[in-house]
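Here come two complexes built around subunit A, the first alongside subunit B, the second alongside subunit C.
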Partner chain A sequence: MKRSGLWNDIKKYKILLLMLTPAVLFFLLFAYVPMAGIVLAFKQYNYTGGVFGSPWNGLDNFRFFFDSGDAWRVTRNTGLYNLAFIIVNNALQIFAAILLFEAAGPWFRKITQTVMFLPYFISWVVVGAIAYNLFNYDYGTINVLLGALGLEPLDIYNTASYWPLILIVVSAWKALGYGTIMYLAAITSIDTEMYEAAEIDGANVFQRIRRITIPNLYPTAIILMLLAIGNIFRGDFGMFYNMVGNNGLLFSSTDVIDTFVFRSLTTSNEIGMSAAAGFYQSILGFATIMLANYAVRKYDSDRALF
Partner chain B sequence: MKQNKNFMLLLAVICVLVAVLSACGGGSGPNANQAKEPASPGNTGASEASEGAVDISQEATLKLLMIGSKPTDYDEVFGELNRLLKEKMNATVETEFLDWADWTQKYPLKFAANEDFDIAYTANWAFYNDQVLKGGFLELTDEMLQQYAPKTWEALPEAAWEQAKVNGKLYMVPNNNQEVTDKVVLVREDLRKKYNLDPVNSPETYAAYLKAIAAGEKGISPFGAKPADGWKWHELDQILLEQQNEWNLVDYNFPLGYKLDDPSGKVFNVYDTPEFTQLIEYYKDLADQGAWSKNIVSNKNDVYQDIKAGKISSYAQNLGTISSNVGEIRRDKPEMEVNVADLTPDKKKIGAISTQNGMSIHAISKQPERSLMLIDLLQNDKEIHDLTMYGIAGKHYEPVGDDKYNPGPSYANYNLSGFSVWGWNSLLNRTDASYPEEGTKMLEEWQSKVHHFPLESFVFDDTKVKNEVANVGNVMLRYAIPLEYGLIKDLEKGQADLIKQLQAAGLDVIQQELQSQIDAFLAQ
Partner chain C sequence: MKLIVPKLTPTQSSVGKKRMATDRLLLHLLGYTVLTVLTVFCLFPFILVISSSLTEESSIIRDGFQLIPTSFSLEAYAILFKYPQEMLKAYGITITVTLLGTLFGLFLTSMTAYVLSRKDFKWRNRFSFFFFFTTLFSGGLVPWYLLIVNYLQLKDTLLVLILPMLMNVFYIIVMKSFMSSIPEAIIESTKIDGANDFQIYLQFVLPLSKPALATIGLFIALGYWNDWYNALLFISNSDLMPLQYYLYRLLGNMDGMRKAMMAAGAVMSSDIPTESLKMAMTIVATGPIMIAYPFIQRYFVQGLTIGAVKG
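Right after this comes the complex of A and B.
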């Protein structure tokens, strides 16, 4: 092995490195540089002092969150919702990808893909409005249907227990197309010789799926899940806020860290306090991803992220 | 192992980069501080101001900082304005607009960064006290005002000047517009007559009106509320809790108020009163009879549009808005008979304090004299006032007499709702010609009996209790709103829960801090 200095590597891979540059710059600028702003979480921010000149105030900014008595509830909600989203969404996406790959002709596949992809582009604001017109007590589609069938109307917006299910279904509906395309791409890249060999050996469709397709999807699935786990303590604000809004009756089962912090701080504009909440989420996210990665590495070191 | 090494190298590089970058950032902190020093309230203008007559021989350019979006026809209207200003005071203006979307972030930064501008829009809801305390505005002395803004000095009542003072010193030319903050409700007169009901003028007659519609009209929701945007009160609270009991809430972010006729200004938790207990019974009764949609707290529709479409029969707002709505409905939908109704006609009315809108001069402005002259013209020169408020006659508006107007063909491209021209509201303001007479009459009547009280211009400084305010607000959304809209079955338990949660969130701490600030304010 010859001398492998950093300079030699750069020279050797210059095209590849060049292609990498935009992504590295992006993360440097938007993920690493702002990290210095974490100091805000420990400061009493004022405009004259700015980010670095403002006076320190210890853990004061964290007080509102932990004093509220809601810290545990919203953290648990955030974690559980995201866990459910990860499991349900990935399972459905894999299922849909396999179905499309196995069962559909090229035309049908293209059209189905497009239709499934559409919800991904609908903004949460619009989804929120659609949901309101579906679930509304007085004139919502669901209650009109129930009424026509002679059934009692459902008071969805005042019943917290319906909401975990609603949110999981809506999230799955919206993410389905996007994930399916990723998994479909992974399936298409599986070596077709394996399928031919399996067919010659007399394997039926289900055996092929179980023995070839699914094992080959593991790497993709694990990477996608690990990436998602890093964000497990960040609630999708757009989704929760637009679906639930400021409806106090639903908070017990729908409040996530992001909506809680938003509600608490919109009136006070306290930058330090929101930085503190963000810092708390980052710490939790960091811990979970390290743990998850450690677990994956123990089990199969090739599939870990790092 | 190799993989790990690379990772460590990457980490090291990142650490170095972050350290370097943050050091660069850190350097600007102290510098900014130094630059800020000269801007402290000690003013440069006052000494010059007392000397001699106004010298306008040199052409001046004044920079204006406004809140709101730039109107489409800004160039045309302000081009005309600059022509007039050149004649009257040998000056031109340039305007910078801070869009509604992010003005709360940008506005303080403009001051913090010591940017070059002369005049800024300000208001009690737009950092006035904050910026005064931080040294952002120039102190205005009586002499300066008499000399450079004589018309405004004459026209604006003494009380308005007084209300704009912070710790005894004036930093704002407040607008001259005697608004009343009390709220009213919009009522469908055609429906009221259909059910043979008494005219709506009290909480009881209003309840009867809502219940009759709930019982008789399919497809009309009697009462509507604006889409939930974090507002922490029932939309009728201002009328039925504050106006009806003659209380005043200090800040809508927490439930502490005082009685208007209490000279000691003792604050109390409004949720912990027999009046509130009665009120939630009143609300519960209405809710149970279908006076509002079960989903009112999740509403996403514009309530006024729903009223216009005939889906909702009433809502609460301030007098100006409801009156404009009534005017518009009468013009566009004459078959729908609507009117303004005051549910607390005999109670004390509270006037909007003058700092609701106003213009201030930047502490580091080099031309405070010219700036005052400009504010004087904007507020009290008929030609310039009309132009800046309503645009160009015949294009953006049609003047009707001296004090009314009709929207012109290009109304949408320049009108007084786009940006903060209200900073120079004055007696020269025109009203929309479709504005109903009832509204004007009611306002005149209210104005004649506006109640003035010592705490009128008190503003709470929440710096010490920010954590508690944040948490109390959350409790109100979660426990008070459902209780008030009658969504909780057991009222007694609901109220007890609400009070208990508020204590846990630190309402007592806010109350103590507030009381001590009020005591200090009254002692002055």
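Right after this comes the complex of A and C.
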């Protein structure tokens, strides 16, 4: 009975199911099959054995990863960088969006918005080239400027302590336009009657921004930030790799989980440990995104991911 | 509002206006200043790279990169275009990958989104979750890498530059929410005409989805154009290097570039303007995006605001 019902449904949706097949196969192959490869995290990988034939080694890979101190370093860096990016980027974007809306003529708004969105369009490789232009010891613009002021040049590519600031500024630069447009859209949708009422009550523009615009942005800001917090343990590989590369001198302050996993796989060839670190990241990521989604759902269930 | 204003006495009104004027002035002053600073902050690096690419090499070696070239020179571009084989090859790969990837990616994304947008499709929520779950959890880099290299044997193929980025769950969701807004009456009327589901998608839904197709298509194309990651992982054959990866290699390793140029045209190694050439290549690799940017920008803005509504 049930079987023939299913068969009838398949016949009924035959064409829709056929249309769905390429996508199902795609995600099966590139997303679900690799999930089975997680077994590698518990194995001593060798080329002859491959993923499924290599011998098990229990939790050795994880022990290696955690005992080396790498786990703590890369987890801390990934979390702290993302936290700093979330706070700085959102604050700057909200500020820029409010000013664009309140204090810019249509012409000026169009030009500034267009220019601010530009960095979003270029690849991280190009950002790496820009960084090289700015920070290079011998020819870099920063050192040229310092030299003109009679100051000592900075050895930026060999000094780990400069990098948190640099990466936060670069992240703000690349994301400014994108976020500003999102917040500008949110401001534009605020009911204009509220502004009119405030004006009648004699509020000045600053009071109006503080009492109406900013509170009305809270929902959007909270949702965007919670969703970003859900991804707090996913590092932006493109950014870190193109800014820092394989420069070991900077790892103490710049190595994130993603760059660590990549390096363990490609340069030191520690397949098992790399898989363990990747699995650790996936679990951590899954837990935080579930928590973030739970928080979003509590706050505004319509905006929850699921 | 308009009804209330005339009720104000003249004195009240003029006092109010005056105060409004000062705080507005202040806000405008703040706004124009801060936004100008931010705009310069965003534009400055581009100008720096452009002028560095136009500076004579000896001047860079002596004084470093300058915002305004002290001695203007086109030598970096001249040498790039004098021995363009490598660069043109990289351009060819990137254009091929971008075109094929965008075409197939857009087709598959929209077809998948259409099925998921059909409210009468019994398993739409189950399939939606099947796709969505992949954004929550993954096997990580290593199993994915080994799958592509050892099992699918895609290393050093054109396909490996296209396939991994072909579909993206976020684009499917955005496309689906757009298609859900198409009135069902239109679809119902075509069913009576005897069109099957695929024909409905192709002949009716796709033409109605043009704005979403343009936006998502441009997002996909930008992703392919700017991709260097798949090449970093999977490409070692220099005939298959896309533009961004070619630039990446050149920034890190000028020797390879020198050798290629000497092989191509037998120039002296010392004749190659290393520093300005890096900057010129950066401009050449970004050029098409910069040129297209003013025209395509609004589609991206559209896409962001569709995405923002969905959260």
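In this section, the second predicted complex is superposed on the first by the 211 of 306 C-alpha atoms of A that agree within 3 Å, B and C clash if a C-alpha of one lies under 4 Å from a C-alpha of the other, contacts with A are read in each partner's own complex, and residues count from 1 in each chain.
The rule we apply is simple: a contact is a pair of C-beta atoms (placed from the backbone, for glycine too) under 8 Å apart; a residue touches a chain by one contact, two chains touch by 3 or more.
Quick caveat, the model's predicted, so the values are computed rather than measured.
Participant: If you stack the two complexes on chain A, which partner ends up touching A:Tyr32: first (subunit B), second (subunit C), both, or neither?
Facilitator: both
Participant: For subunit A, which side has the bigger count of touched residues, subunit B or subunit C?
Facilitator: More residues of subunit A are touched by C.
Participant: A:Leu265 in the overlay: touching subunit B, subunit C, both, or neither? Say first, second, both or neither.
Facilitator: both
Participant: Is A:Thr220 touching anything from subunit B or subunit C once the two structures are fitted on A? First, second, both or neither.
Facilitator: A:Thr220 contacts subunit C only, not subunit B.
Participant: Looking at A:Leu100 after the superposition, I want to know if it touches subunit B, subunit C, both of them or none. Which is it: first, second, both, neither?
Facilitator: Only subunit C is touched by A:Leu100; subunit B is not.
Participant: Between subunit B and subunit C, whom does A:Leu149 touch in the aligned arrangement: first, second, both, or neither?
Facilitator: After superposition on chain A, A:Leu149 lies in contact with neither partner.
Participant: Taking the superposition on A as described, I'd like to know which of subunit B and subunit C A:Asp67 touches: first, second, both or neither.
Facilitator: A:Asp67 contacts subunit B only, not subunit C.
Participant: Should A:Tyr132 be classified as contacting the first partner (subunit B), the second (subunit C), both, or neither?
Facilitator: Both: A:Tyr132 reaches subunit B and subunit C.
Participant: If we overlay the two complexes on their shared chain A, which of subunit B and subunit C does A:Leu118 touch? Say first, second, both or neither.
Facilitator: A:Leu118 sits against subunit C, while subunit B stays out of touch.
Participant: Where on subunit A do the contacts from subunit B and from subunit C line up?
Facilitator: Dual-contact residues (subunit A): 32-33, 35-36, 50-51, 128-129, 132, 136, 138, 245, 265-266, 306.
Participant: Which of the residues in subunit C end up touching subunit A in this complex?
Facilitator: My answer: residues 1, 4, 16, 19-20, 23-24, 26-28, 30-32, 34-36, 38-39, 41-43, 45-46, 48-49, 52, 60-61, 63-67, 108, 111-112, 114-115, 118, 121-123, 127, 129-132, 134, 136-147, 150, 163-164, 166-167, 172, 196-198, 201, 222, 225-229, 233, 244-245, 247-248, 251-252, 275, 278-279, 282, 285-286, 289, 293-294, 297, 300-301, 304-305, 308, 311.
Participant: What does subunit A use to touch subunit B in their complex?
Facilitator: Where subunit A meets subunit B, its residues are 28, 32-33, 35-36, 47-53, 60, 63-64, 67-70, 128-129, 132, 136-138, 155, 157-158, 245-249, 251, 260, 263-270, 273, 306.
Participant: Tell me, which parts of subunit B touch subunit A in their complex?
Facilitator: Residue positions touching the partner: 3, 7, 14, 17-18, 21-22, 25-26, 28-30, 32-33, 36, 104-105, 108-109, 111-112, 134, 221, 227-231, 253, 293-295, 297-298, 300, 462, 466-471, 473-474, 477-482, 487, 504-506.
Participant: Please give the residue numbers of subunit A that touch subunit C in the complex, ascending.
Facilitator: Residues of subunit A touching subunit C: 9, 13, 15-16, 18-20, 22-24, 26-27, 29-38, 40, 50-51, 95-96, 99-100, 102-104, 108, 111-112, 114-126, 128-130, 132-134, 136, 138-141, 143-144, 147, 173, 176-178, 181-182, 185-186, 196, 199-200, 202, 204-206, 220, 223, 227, 237-238, 242, 245, 258, 261-262, 265-266, 271, 274-275, 277-279, 281-282, 285-286, 289-290, 296, 303-306.
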